[in-house]
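Structures given as structure tokens follow.
One chain, chain A, appears in both complexes that follow, with chain B as partner in the first and chain C in the second.
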Partner chain A sequence: MRRRDPVSRQVSRVSALVGREWVWLVLVAVMVLLATTSSNFLTTGNLLNVLRQVSIVGIVAIGVVVVLISSNFDLSVGSILTLAAVVSVQMQPVDPPRTLLAILAPLALGCTVGAANGLIIGLLRANSIIVTVGMQFVVTGCVLLYVAGQHVRVDNATPFYFAVSGGYLFGIPVPVYLFLLVTTLCHLLMTRTLFGRYVRAIGGNAEAARLVGVPVARYVLYAYIISAAGASVSGIILASRVRNLDPTVGIGYEFSALTAVVLGGARLSGGRGNVLHTFAGVLILGVVANGMRLFNLPFNMQLLVQGIILVVAVALGASAKVDER
Partner chain B sequence: MTSGLGNRGRAVVTPILSLVNIGKRFGGIQALQNVSLEVEDQEIHALVGENGAGKSTLIKMVAGNLRPDAGRILFKGKEISWHNPAQARAAGISVIYQELTVIPHMTVAENIFLGSLPTRGPGFVDWPALRQEAARTLAQLGLTLDLEMPAGQLPIGLQQMVEIAKSLAARADLIIMDEPTSSLSYHEAEKLWEVVRELKCRGKTIVFVTHRLEEVFALAERVTVLRDGHKVDTEPVRQLTPDRLVNLMVGRELHETRAVASGAPGRRVLEVTGLARRGSFCEISFVAHSGEIVGFAGLVGSGRTEVVRAIFGADRPDVGHVMIEGKRLEPGDPRRAIRAGIGFVPENRKEQALFLQMSVEENIVLPGSGRGGLRLVDQAAELRTASEFVNRLNIVAASLDQRVANLSGGNQQKVVLARWLAVRPKVLIVDEPTRGIDVGAKAEIHEFLRLLARQGTAIVFVSSELSEILLLSDRILVMRDGRLVAEAAGERASQEMVGSYVLGL
Partner chain C sequence: MNSRFTTLLRRRTLWFLIVLLVWVSVLGQGFWSVANLQNLVVAVSVEGVMVMGMTIVMIGGGFDLSIGSVVALSGVIVVKALPLGKPVAVVLALVAASAVGLANGTLITRLRVNPFIATLGTMVVVRGLVMTYTNAQPVPGTDPAFMSLGRATIFGGFPLPGLIFVAAFVLSHMLLTYLKIGREVYALGGNEESARSSGIATDRLKMLSYAICGFTAGISGIVLAARLNTGSPIIGENTALNVITAVLLGGASLSGGVGSAFGSLGGLLCIGLLGNGLNLFDVPAYYQRIAQGFLLLLLVVLERLANRSPQVSTRTVADGRPASGEQPSAGAAGGLSS
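For the complex of A and B:
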């Protein structure tokens, strides 16, 4: 009596698949739309350009989704990105040892900030939104004091330092490799290791996780360090590209990243989220921004559109959750 | 059947609620099929059946939350077709769900008249009238409560009374209760029964869903049994025996008896000495042997849950210690407890045990040392473990990938048990093993706990159902007001004896 007939099972399987992977469908739809309306869109050069441009925010977003899966927010990533970029430039990578320093120092500092986030939120169970917003001010304040509010610049950087953002390997920009590498590593981490399972468990039900022996505080700490490391890598790429930095350059990255994450269907209350879907969310944002440029829409309109995308994605996610009941 | 004309001047008995050939499908699942049911005016009517039998679906239709695909619903003789719960409420139907809906920060009085606060002038709340009306409503139920107290601070039993007062205030004629006593102590439940009888005297009709058979016999006049979306029967309770009722519900004979005592007690596995936690319990000392089932009896709030949580380390005790096979356990650390061989099934499975978004498989394989986060998941081994325990515990799920959120309560509880069996604990602590679980699954869980004990695990469990304590325990420990007050061998204990210790008579 309560068995499902084969047809409806098939239908429900397909609809479940569509329900899970709709973010890719959206990406394809946007791309088809642009390809049919603009002859400049579907060219190798333009597509590589899109990929290169989304790499920075993409790497940030991958870190943010890991934290979000643990049911926490990281709104400090924009400031960590700034910190890493400024410190990287200040190391003046004009010779090989300094180049190494310009990569390691920002990573170390960024991860330290992430660890501070993770310790406060994991051990004290403080509200992650407030803590990371506060941390955003602390870090931004420190950076502004450090550079006295002035731009920082590096001339004559080493070719290697240039290559971090401007290099090509087999015709593909280096930041794209970095983005793909971070995405792959985090995807494997979240799906194939105990780490990923514990983080999902914490996000789904922290108390139950504690009672089955998951060291909750420790894994929350790790998640924040991963997120901070991502933001730091992005900061270094940005520094390598610009080399003349405004010390407020990272403002807003946390929300672009969060938009991509939400587009990727991650549950804001944690427990569920998918690194590959976030990757697709990043691509959607990039393609939309690219399309707006192709049609010569003003840059300032992008913020508006991104805001609309964020609100619509959250609203759709919320209505999907209502349906689940 | 009664004809249209009165019989010798007697009033015609028209049912207050009639369901005629109701059907409802969810996707490919036929939740209800051809169900007809009549509830008479001013009767107390029980609705029973295993999880998934269709009770909730039926209630939701009467409450206006769902619409039937087929059939008709008549309320007070008129056919109804409600689109939302507000319409049902306005017509005089009030539903009290298992998850109570009092607003915790509002006062008792405000909660009772929520949505219909008495006003004066242009929309100002008439506070004196509110208090007066609230007190009057509670008095009808034989209750006096602090009207100014935030409702969230009341014990759960009294919050339920506030819910009932709400239905009175809304002038409901038909009050539907979904498992009203599932989270109440025996004492509170008895109080609730009194109130329900009082409601009947005041002309109300009550339909309640329950898994507690004793409740059917204590309270209901008639009982309707649902099974697999069909109505099995409606019968006057007087004509039923408990065995017959179980038979109707499950569709097979189900007769649980006390297992033969497991023989000579094994070695001491768990030793608890002088355990205390301020405000919860003190001077708790006892021993559990391998192969033994130790049951903690007592009222809700007597400290049983707090004690077992402290043993496992979910909470840190102030003094005292716990030894596993002679080795002292670091207090307040569940991970060490797990490594030492303790498993723990907490009281509230949804809030404290399950990962509702995760699959059956992941829920089963989750407990671990918490170390080696970078180790790869061994998918083949986990699949083997999960499917082994799904089979052994007879867990009904579409697949191992099914989300636990979509399982019935009984199957969810089995998943939590399976999780611990997979790590082969020396001691298994189970707080309320079968709360809110239907009789069939209950018997299976009992059988499984016995089997586990026979294999050498020491089992410590807490239950608010005396019958469960008596049925399972080799040894019974009774707690009252945070202390151990009595100990009895399971086979010699009786309901009266344990009950009197529990209540301190």
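For the complex of A and C:
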């Protein structure tokens, strides 16, 4: 083999880094573009606003990417988010014990739904799309039944309950801390622990993982519980922010989350995917939506642009040979 | 599990259908009334046309989430274009719907994008286009004669949409069983690589199947718009999942290669009867969603249980009927491969 000189080796190392981290470059490019065209974009207030707005869908997306790395889809997260939000409000957090209940009950219920997904998919090796769509039907129907299709609301919620979505700590909104915390935890989980290695192995080749002794069903179950827990946390944040909820509020979150995940370069057939890249994907979506608001483009056009971003991201990702992670 | 049990499971759609039919027709008050039967036929027909298109795509190993948006697109276009004359409006709507199908096909064949994500993207893009174009407001119809397309009856009471559905069913059954192109679709879904090596133009075939699926969604969109006399930009949010449920219930698999027009008809009737029965029993609409979800979950569980039995029959490409509940064991949960 021909020995390569240090310079070209450096160049190839940099290009590999760029190939791996292109999602951050896209984020920077979009931000530079907006900063030069709008004077309102690069203000602390606006940037914090973007972070606060993406934290709900962001936490969902972080859970979805964990499941996707195990080569499974979770299309039930939107319905789990609705379930958590509605149950949280229905607990009427007007005093401290009820506030605790309004946080724990949605988490417990959401994780139960996730566990049901994980059990059916892990034990029976059933197709994850069908199972999670079926679960979405069941959960959505149950929520509508529970509240008889009506809005639910809570007045006089405790300050603590408000603070989940509206509080600030050192000038930074609380949901942003939650988003960063979930991202960090999941990133560490996927990179530093046995769990992460097992989930990657399952996503890469489930049969091979089983043969080398990975308890596939159990780790698929864990992945789905994590995804459901993320959706439940988002649901609680949403409930704390809105406090007057439509029982169809979670529709579409699974698709926004998937868009962010795909934007973050996760491979749909599993085995590969990076929590931090998903984080960047979420930020790109948030910054683009923010930019469209700054330029007063109608909401419907944001939908259009989000769809185009998804198609372009997937087309680019599919046509370019992505480097081994 | 013995083989008789698996044989029984294999015809699960038929069993569901018989049980549902007996349940609804014996216990449902007013099932046999003309008005109810007409309702049932119309409800089944509008989604049924798309079920036939989706059957072709899914036998070929594909997937189409965008049809709900296409229904809205074609409905809005046909109503907006009515001043140009009915035939022109209908043709325009169908061309637009087929174009979305072709766009799906292009993304999937030329750019090798996973069908699930590609059609998710077009779903969002087309919905955004329709919403932007109409400003999210429904477009009222201007021509009362146009409504007859969705509301007229023939042969003394048979709804016209039913006739359109029957035509779609017969055509897709013929295509899948008697035409060379139908055999090629089964081959494509069974094993794309060997289909290509045996000289089938797989990319062109895929493009065609997505175009057909878009076309059928266009027809449904026109019929719905005619029934409502309105082009609604928000219609069809749940259409894709409902249609896919019917096709899966009819014996098709997400990994392709199996399924039939008859099977999908059975799946469609199951969902139609279930909804109609729950209506007749005055069950709140929310239960329908729950019931449909449980039906899907039951379906996968049964399919996996049937698949675990030692008796594995080979699937036959030619007769196009689902052999055992087969689902190649791809991945822990048979996730889509890209």
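Some points to look at:
Heads up, the rule we're going with is that the second predicted complex is superposed on the first by the 312 of 325 C-alpha atoms of A that agree within 3 Å, B and C clash if a C-alpha of one lies under 4 Å from a C-alpha of the other, contacts with A are read in each partner's own complex, and residues count from 1 in each chain.
Operating definition for what follows: a contact is a pair of C-beta atoms (placed from the backbone, for glycine too) under 8 Å apart; a residue touches a chain by one contact, two chains touch by 3 or more.
Since the model is a prediction, treat every value here as computed from it, not as a measurement.
Of the two partner chains placed by superposition, A:Gly273 touches none, neither chain B nor chain C. Of the two partners chain B and chain C, more chain A residues are in touch with C.
Using the contact criterion defined above for the overlaid structures, shared-chain residue A:Gly265 touches neither chain B nor chain C, since it reaches no partner. When both complexes are overlaid on chain A, the residue A:Tyr222 reaches chain B alone and has no touch with chain C.
In the superposition on chain A, A:Gly213 makes contact with chain B only, not with chain C.
In the superposed model, A:Gln136 makes contact with chain C only, not with chain B. By the touch criterion defined above, A:Gly250 lies against neither chain B nor chain C after alignment on the C-alpha atoms of chain A. On chain A, the surface patch touched by chain B in one complex and by chain C in the other comprises residues 207, 209, 267. Considering their complex, residues 107, 111-114, 116-118, 120-129, 131-132, 135-136, 237, 241, 244-245, 248, 254, 284, 286-297, 299-301, 303-305, 327, 329, 331-338 of chain C touch chain A.
The touching residues of chain A, counted against chain B in their complex, run 1-5, 8-9, 12, 189, 192-195, 197-198, 200-201, 204-205, 207-215, 218-219, 222, 267, 271-272.
Contact residues on chain B toward chain A in their complex (touch as defined above): 27-30, 33, 52, 228-230, 312, 314, 334-335, 338-339, 344, 346, 351-358, 362, 366-370, 372-377, 419. Residues 70-73, 120-122, 124-131, 133-142, 144-145, 149, 202-203, 206-207, 209, 216-217, 220, 251, 255, 258-259, 262, 267-270, 298, 300-308, 310-311, 314-315, 318-319 of chain A are the ones that touch chain C when the two sit in their complex.
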